[in-house]
Amino acid sequence: MPVVVREAAVPLAPRLPLRIDLAKPVFWALVAVLAVLVLLPLAWLAYYALVDQDGRLTLANFTALVGDVRMRKPFVVAVGMALGVGALSCAIATPLAWLVARTDLPGRRFIRMLVTASFVTPPFLGAIAWEILAAPNSGLINVAWRALTGAQPYDALVDIYTFTGLVFAIACYTFPYVFTLVANGLDRVPADLEDASAILGGRGWTTLRRVTLPLVLPAILAGALIAILQALTMFGSPAILALPAGFHVITTKIWSLFQYPPKPGLAAAASLPLLAVTVLLLQGKAWILGRKGYTVLGGKSGEPRITALGPWKPLAWAFVLLVLALTVLLPYAALLKSALTRNGVPGLTLHHFRFVFFEFSATRLAMWNTLVLGFSTATLGTALALLVAYMVARKPVRGAPVLGMLAMAPVAIPGIVLGVGLFLAYSHPHLMLYGTLWILLVAFLTIEMPAGYQQMSAAFHGIHPELEEASRVLGASRLQTLRLITAPLLRTSVIATWCFVFIGTIRELSATILLTTANTKLVSVIIYDLNESGDMGAISVLGLLLLVVSFAVVAIANRLPLLGGPRLPALR
Amino acid sequence: QAPAPYDVTPQLVAAAQKEGKVVWYSATDVQVAEKLARAFEAKYPGIKVQVERSGAERIFQRINQEYGSRIYNADVVETSDAVHFVHFKKQGWLQPAVPSDVAKFWPREYRDPDGQFAAYRAHLSVIAYNTKLVPKDQAPKSLADLLDPRWSGKIVKAHPGYSGTIMTGTQAISQAVGWKFFEQLGKQKVMQVQSSTEPPKKLAAGERPVMADGNEYNVFLLRESGVPIEPVYAPEGTPLVVGNAAILKNAPDPNAARLFYHFMFSREAQQLNSDVGGLRSFHPEVKEKAGRVPLSQIKLLNSDPAKLDAEDIKKRYEEYFGT
Amino acid sequence: MGFLELEGLTKRYGGAPVVNDVSLSVDKGQLVCLLGPSGCGKTTTLRLIAGFVEPDGGEIRVGGRRVSAPGSSEAPERRNMSMIFQSYALWPHMTVFDNVAYGLKLRGLPRGELQQRADTILAATKLSQLAQRYPGELSGGQQQRVSLARALVVEPETLLLDEPLSNLDANLREEMRFEIRRLHDKYRYTTVYVTHDQAEAMTTADLIVVMNQGVIEQSGSPEDIYQRPSTEFVARFIGGTNILRGRWDGADGVAAGNGLFLRCGCGEFSRAGETAVSVRHHDVRLSSTRLAETNSVHGIVARQIYLGSHRDYLVTLADGETVRALAPAALALAAGDSVWLHFPPEHCRALAH
Amino acid sequence: MGFLELEGLTKRYGGAPVVNDVSLSVDKGQLVCLLGPSGCGKTTTLRLIAGFVEPDGGEIRVGGRRVSAPGSSEAPERRNMSMIFQSYALWPHMTVFDNVAYGLKLRGLPRGELQQRADTILAATKLSQLAQRYPGELSGGQQQRVSLARALVVEPETLLLDEPLSNLDANLREEMRFEIRRLHDKYRYTTVYVTHDQAEAMTTADLIVVMNQGVIEQSGSPEDIYQRPSTEFVARFIGGTNILRGRWDGADGVAAGNGLFLRCGCGEFSRAGETAVSVRHHDVRLSSTRLAETNSVHGIVARQIYLGSHRDYLVTLADGETVRALAPAALALAAGDSVWLHFPPEHCRALAH
């Protein structure tokens, strides 16, 4: 019998780095990490809220909370303010994102970076800048207006010390969340879907309204959610603007609970309703998105279409300029002015620069610490957010959605309260992180987790799971797929998240202030301390320094040939 | 009972130099605190002063946190809110020590009978106005003047919920002239700011022409840098705010702490506080800068921190001012 | 025992079963075609095999090892399979070459061999020119070929193809079909091939599985399925067929109305009720005169379409029923012409179901 | 003058022309099929007509009005066209119903009529059950039908179809093809239909346009194209054909080697060099004996494939050349059998190009 020799078919089995499926271990690792980051401080807060000084269980804090209108009213005001901020952020950011992502507006890349970088302004510094600009009497805008129109002294064109003023001043520093999310989402809407509308007779506007924007709805909602919750838990701006305006928001109220005699229990209890609001908002978002699909980057790829603005270009530019002027140019001009002048004294001076760079001993260390923490938090935080968002979006393990809840939870806790929780959690004799940079790293990871997670999770809405499946069936593990396929496809979002976490870290204040010590000083903290001693000039110099540094970092991050380089359908 | 006063001895200096550093939690203005630290380091080489400068409430909170968690970082603590030391003392966190200068010069009411702390500095909460916006003759002269309708919408003041200075001041004024004053001031459309450092800055910026309360030393510092601003000492009295200092019981550098604590009350340190920081001192040998009204010519309103009912003050304040 | 075995496989979406108690055994090296109407669950079955979805019931075994069962499924990357997606699922951020070489890189091939293997498959799929393009710069058919090349190049143990040739022209489709079969034979993959093209299935498959609404209607060799469809559905679905209904006369005849009496050469009669008789379009003979007593009926040409090699006739019988017939292109009748239809008994198949 | 006119239309990507000087005139109400191999520029041509891309040269006129020219193109939404995309381009955030009703909403139809029209088209495409699903919850073929329904429902002036039926099974494809033709005739659209399926083109088109590498090779009626291909490319592309090459004898014969002398019934001979003779697969006769002196040659069966209605033979001639032949299913020869091939002169077509 003849022997048939088949051509040797060497089986090319995929080489897996590990023989076990990593999904479960990674899931549990993430649960552990998030539990440490989030649950530990939260548990301490719950403990504080529920246990009185003698160690007995009590509901006194909650009854005090509910029973006192001085606590209830700030809460209502804060919710109103936050919703206002959310709406205003969307109203500014969505058109801007569209202009930058989907039109032929010149200088789009630059505008993008500028917006991200503008975000570096610590909100309280922004509020200060807006005081300089729009305080009713001394505000530069009002002064100029009076000079131009001859209006009476004490007449004001704009007054930042009002509810609307506050909403505006906060929105200036939260709209980048929405902007970046929406711009990245728009990058991923393929032209096909818009073409299909156009050919059926949908005008540009109709197509935008009925097809393009609904497709980035997850991004808009995620951005709005973050903006609303940030506003709700923000302390700096309301502390500066709400008080002169004559009302409290919940955070300023909570802050005053920390004053002598401190009532941490009540403060902890007061932040729990914010957690409830967060859960409600998350639920609302899930409900709006519903069963609808948003996965637009399928396998049959098309590229996003660029709309020619034509005669609308000047108008578009005017809008962009207005937004940039209000959020970046004017505030920083104000800061520049106060960096170069002395309060109430005419003439220019470099005194503040000299003071900050050469005389003030803390600057160098603080700058170094800030950068170290910024880089490490951004890198770790982005990786963590990517993993968590992946888990939640693809549900490889039952119970994965829990991770999303965990990752979102910190957003509800005002920074200052969180700071206390973190301090309690990490200054245990057995776990003494206080006084090291580690506790700050942990704090920043916790604080930045929600925003990072929302960014990544919205981005996942745009990636069709089949693109990942195609990789896995060829033998790539989940993590390899995440690294080789998903992350590069999400490149803009990953970079944006990195920048956001970086910047968030740089500008974070409220929790940080409780956790820094002499050796772990940060720029934001020294800015705050300088503010207490009234050194506006030095503050402005530091603010400008932060702006320059983060702008440089953002610019570099956007150009790194990381993650497969800039060549992507999404990016041109 | 207070321990015996102590002086600087070569042994103390040697022991302190062995420890090599002292950690000072301070609420004094950075520039002042840093200068003081440099002066100490110059005088006692080999001992580094680590200045942990923060707001008074922050420091209070930190000490609470740290001692609550058995973390002992601080050697010497100093805040501008006298209430804090009542609390520290009650907790038993302070180490009794009486520098010789304190024993010699300090009036009884400005030091702890048990020698646990003493008034390191003091400042006033004053009325002030912008001399460019308000001519001297039209300026308010007293607390009562502030209630004149012509100041409606033109006054700035700080908030007792955010500032220990203002808390103390509010207590003192309410005891001196009654709550009625605040009730009426509340109708003057007052601009509220947080910290007692801010009203002078608002005056300087021209945002409001008159301030109802705020730090005197900020007024001094601004005026000396050329800002047209002038303090007013009301005939009803001006609240005095005392800032205490103390050595902490579990100080990691006990000798350096004693040495530094002693230095803080010395004439040269107190003079520096006055010159650079515009602070008031209880050291009789300290000379006020020219142009400053000496303490002896001002009617002071003292307050008793032990009797302070912050809750009540905040509640009434919110009632009258809305926040 | 087969290499790839599905047993009682069930998958539900929102309660409704989409794959319903499917059992199938495929031997190593066999090429199975899954055929069925749109939405019958073909893609879902493939996705179950690949491990992207977990079954709600039943299990899948590969080489005797259980890889899928409710609650415990092996990850897709451990199954040494390869798949073509109906949507192609090309990675837009990689060039054609990188897309194709991806699987090889994962397998740690040395640079040179990787290059050479990728080049070979790109040449076979006629994509060599386009290696440095991005998927967004390709035509639909080119994208589909990239997807094909990507799946074939890794020489998997099991190959899953979901309509891999639907966007190619006839010539290219034939070439690619041969290429698939050639590689399949060379490396002895076990292949599951979903297609809607019967000719493709008939020419390529060792085993054809006809699905309908989530269940397997019939499985067998191409000849089996074509010549001995066991249900009306299969008969209709595979190769055009006319179904004529009538009462069984107890022997081998069926009275089908219109005066048509059909002798049936094969099949099974249903004892009660009507029996369906299936006659393929191309087995119907047309002539202008009556050719025989039985199996003949008169009709009117309703329309005819020229197909190049044939003409496709639609003929209306007396009671309005219609019969489709494929006649040689030479036989040209116009609509309205009278015609006799003849159904050769050997091509009349009685269907009980 | 035609309704839809392309004149000298050119489009380049990165320098290389993808559509190259294409001129075409389509009358109102005509259905044109664009046929051509993968990547030849069909989709690009459609996108040019729709206005998604601007030509680099030439122009497009609709109803005499210029709608596209380099530098000045009317927006797609003003062209009253409708299109099916090769990628479907369904809106994932809208239900099937909303996808389909979108175009009607834009046209401001009253609620009732909108509902009724959408329901009608959904029924015609067999999607009524799925109206409330989202595209992500549909199978590939179902998605394609939604895309079809969405394009058809708006009754446009011009309908552009890019492989609208590629993911459907044969029966459904035929039904949908009839539906498209029915609507086309009813509303007198002008339709441009891209397909890779020749049967589809032959049965549906009024005019077939064969493209190759961006240029039009030939256009004409289905019969024209099939029976009188003007180039070897067209002959090969439309319907399987064998090309035999040889020298012209000056009259009507070609000496094609292997002792085969072909009399050709039609076509054009090339005076210089070799003449190609095209004989369709299904026109080749197989027999075990020699039937005639000319047009006959001996060969060995290399393989045969059962296709149900036919068998597909590959026969090797003496010099190794191969000939494909479609024979009735009844004629069963095994690989290795000896066979005589007969090429009827009336089906031998000489091709000069």
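Odds and ends about this structure:
Every chain is named by a letter (A, B, C and D) in the order it is written, and numbering of its residues begins at 1.
The working rule: a contact is a pair of C-beta atoms (placed from the backbone, for glycine too) under 8 Å apart; a residue touches a chain by one contact, two chains touch by 3 or more.
Source: prediction; values computed, not measured.
When the interfaces A-B and A-D are ranked by how many C-beta pairs touch across them, A-B comes first.
One inter-chain figure worth recording: chain A and chain B are separated by 38 Å, centre to centre, where each centre is the mean of the chain's CA atoms. Centre to centre, using the average C-alpha position, chain B and chain D are separated by 91 Å. If you average the Cα atoms of chain B and of chain C, the two centres end up 89 Å apart. If each chain is reduced to the centroid of its CA atoms, chain A and chain D end up 54 Å from each other.
Shown for chain D are the residues in touch with two or more other chains, namely 86-87, 137. Residues of chain B in contact with two or more other chains: none. Among the residues of chain A, those in touch with two or more other chains are 298, 300, 302. Inter-chain contacts, as defined above, occur between A-B, A-C, A-D, C-D.
The touching residues of chain C, counted against chain A in their complex, run 50-52, 74-83, 85, 87-94, 102-104, 106-109, 134-136, 140, 143, 147, 150, 154-157, 160, 186-188. The residues of chain B lying in touch with chain A in their complex are 23, 29-31, 34, 50-55, 57-58, 60-62, 64-66, 69-71, 73, 81, 83-84, 87, 153-154, 159, 161-162, 164, 167, 191-195, 197-198, 200-202, 204-208, 218, 222, 225-229, 310-311, 314-315, 318, 321-323. Residues 13, 35-39, 42-44, 86-87, 137-142, 144-145, 162-163, 166-173, 196-199, 202-203, 222-223, 226, 236-240, 280-283, 305-309, 312, 326 of chain D are the ones that touch chain C when the two sit in their complex. Chain A meets chain C in the complex at residues 6-7, 9, 11-16, 21, 23, 297-303, 464, 466-467, 469-478, 480, 484-485, 488-489, 491, 564, 567-569.
Across the interface of their complex, chain B is touched by residues 70, 131-132, 135-139, 154, 161, 239-240, 242-244, 246-248, 255-256, 258-262, 342-345, 360-361, 420, 423-424, 427-429, 432, 434-435, 513-514, 517-518, 529-530, 532-536 of chain A.
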